[in-house]
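Have a look at the structure below, then the notes.
Every chain is named by a letter (A, B and C) in the order it is written, and numbering of its residues begins at 1.
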């Protein structure tokens, strides 16, 4: 029983050792060597882009020809139909992503963050039903301007899936087909979206593994022969196979141990810098988002409570729920704080209370809360107009109205 | 009692039909024999009474010996069901005993008992049954019941063992062990109540096995041929070449009765399966949204698309079902 | 230990259990089989009584049970199942070798066809759960619940006796062809096997279908199937390579376990068609209390099912890399 996992562990350790050795050498040669390594990664990225026949785009900062958001979610509502009534899992959510941007979607489990992401890509299974809204996608591969994903038919969806919007699933063990070799699963994606010859496709699969630092010999492995970290890397490599514009990452590191987690996050950041895709990063871990993302959206009971830049959220979180969420995670940098949980539990989404869904657990709840229109408006007195919240009664942290 | 009613409401339609059908046969088995128009064994070999088709006097006609088929059928259903139920009970008790013991004792005992169940699972049972019954000189119901029970436990034992292993490791059982609760009390009050549905499914399966095996055994002549069961009816009908003689009323009723009882048991079991497996359960409802069929593997449906006027949905909008669904876009809130 | 070797070991144990049962049943069952046989065959010379006693091991001067057991195992190893009672001088093994090919070809082919058909239908019903195919399952369950021999009789009566579409039973027409490896005989035999095969397929297909449908529905809910859809793969690829390929593994395991049951039912069906296979031989043995023949048939069927199970295990190994990985332990 223990041996296959043990083998995989050993292999992973070997790979780690390899990388460690590489890092050591890099340290010895200091700056020059590191630059060389970076250029190696860039080269791999170049190869990926060249193979797909698209021009390499620069990092997000340099921008691309596309203007406006690449994904614009408007008033999206999703329900799960059950015999005892509709569960309103996502309620009138507005969120947009710019090219190359990293948006963190935070919230506790059951808050609807995954439903939002999978609903926007039409991947939810029955009894899910999208009841309202629009999701306009405007990627560079798409000609004819933004198109509403909610109005696409099966064929159109097939085209934008993976080549435009790729997903890194929460548990790579479950998301990889257990009876197919890594190579065949990579080739599946390559064949579905890229026009490449047999040899080119095989080369491409190998290059993809290079990209995430997995030895090419692993192409012949089955998922169960890989360690948890390696599987998630394979998943990431697969997500990048068709050079997507947007990668949805659904708690990609939750199932991994802390050391591997850091490794993989660093890799994601590096790949994002070189390949320039946008990221929708779903997690319940606020401290992770503060480091990783450009903007953070906080979700609760199917609704967005606050959206703002990572900096604003860290320093001036407005909504009491966001403050609670920040309080329930230790910050990786900065002073130690006492952890404060949020007492109570989320409302029943079959029969949500009127007004703000958080009122029952809110420290600052007042009678008006039941009449709040849940629309995002700029936080009173905030530094940036992009810092918005659904709570009309709060200002930046410490400045309660 | 409340929980029984609750379980019944949660049962899928298929299972309800199965249970209803089975209930009907059980009712027939209970009251049927007291309503038999004739003694099933009473012979009247006069040419006017033998091998006659259905008539007012004999609703299902007569056999070659002038016996009333309906009377035989009513008695036969009772015989067959009683035999199957007895085998079901004995074999299920054996399954639970072996399965729980195996999982609870562990170690070498577990190895031996598991091996034994697996071996008897893979040895084809019907030829072995035939061999055993062939050697038994008196072929009564008791012999059949014993032999069928002895070979009917392995599957259940295997399933129950696996389930016991998982329950054994749960917190509340571990807690009971910690507090020094006696093993037999844990098994009786913690383990067994937690696999009632599994044991029920196993019982239904065993009954199904007992019916098909006993009918097949009777058909090859390995039963008490002087008693009336569905199997012996088929045996006599076949040995008199009933179908070739055109006497379908003699041959079809017992066969169809066996098939219907079997169907009801299979339907019941699918229902129990669905109760235990959430994915099968979900596949049941939710395939229709706003009157439109949605496959589980389709892209998530958008309500506006589904209700947008297409001929089909227009026509559908007149059906009662769609009015119900349409008006409760927000779901049936309680 | 490699998976296949472990399974092989298990089948050896199962075969040994079957052999031992077969040895002890005549020795420990109540009643006197020898007297029953002597009564049934008045033509047998009194001297035959000794021979039968020796065969069944019920006589007094047979040596210890252990030496009998040893002799018995040696006999079985040499395919020596004794002399047949009904067809007196003929040996049991010669009777078996005449009938085995018929059963093997008919029941084997029909079972495999039923399995593939049921699995294919189950894939469709599971993928489109709630569709018309899925909803037709209760009807198919009715077919499955009909005893094999009953459906066989009804089909025989309608399609052969009344409609003359198929020949009325038997394995071949003795008046038209003579057994041998010639085309007319083979065609004739195939023609005679169609209706029995249809019966087997009809009664067993629903079982495979229901099982596959259930596994398929469970598999479609797995993340890797959702991931395959997210990857924008063609539906066909998602259905077969991602969903069905994985659902097939429990289905194959179920196939191995259900095999004994299906084969047993098919044997009883042979009786209806007077098909010259093992099933008919078994019926004759039962009706004439021909115990040595019954025992030999029991052993044959058991061994056939065990070997089939081994083959299924090999297929599983070929399909499932995770099983292969366990070989390392």
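Details
The rule we apply is simple: a residue touches a chain if its C-beta (ideal position, glycine included) is under 8 Å from a C-beta of that chain, and two chains touch if they have at least 3 such contacts.
Note that the structure is predicted; figures quoted are calculated from it, not measured.
When each chain is reduced to the average of its Cα atoms, C sits farthest from chain A. Comparing the chain pairs A-B and B-C, the larger number of C-beta pairs in contact belongs to B-C. Once CA atoms are averaged chain by chain and compared with the all-protein CA average, the nearest chain turns out to be B. Chain A and chain C have Cα centroids lying 54 Å from one another. Separating the CA-averaged centres of chain A and chain B is a span of 49 Å.
In terms of their C-alpha centroids, the spacing between chain B and chain C amounts to 23 Å. In chain B, 282, 287, 296-297 are the positions where the chain touches two or more neighbouring chains simultaneously. Each of residues 123, 125, 157 in chain A touches at least two other chains.
For chain C, residues touching at least two other chains, in rising order: 221, 229.
Every residue of chain C that touches chain B in the complex is listed here, in rising order: 10-11, 13-14, 17-18, 21-22, 25-26, 29-33, 36, 127-131, 138, 141-142, 144-150, 153-154, 156-157, 161, 210, 214, 217-218, 220-221, 225, 229, 235, 238, 256-257, 259-261, 263-265, 267-268, 271-272, 282-283, 285-287, 289, 291, 294-295, 297-298, 301-302, 305-306, 309.
The touching residues of chain C, when paired with chain A in their complex, are 221-224, 226-234, 237, 241-242, 245-246, 249, 319-322, 325-326, 328-329. Contact residues of chain B toward chain A in the complex are 282, 285-287, 289-290, 294, 296-305, 329-334.
Interface residues of chain A facing chain B in the complex, by the touch rule stated above, are 78-79, 81-86, 118-119, 122-132, 150-152, 154, 157, 350-351.
Partner chain C is touched in their complex by these residues of chain B: 14, 17, 115, 118-128, 130-132, 134-138, 155, 212, 215-216, 219-222, 234, 238, 243-244, 251-252, 255, 258-263, 265-267, 270, 273, 277, 279-280, 282-284, 287-288, 293, 295-297.
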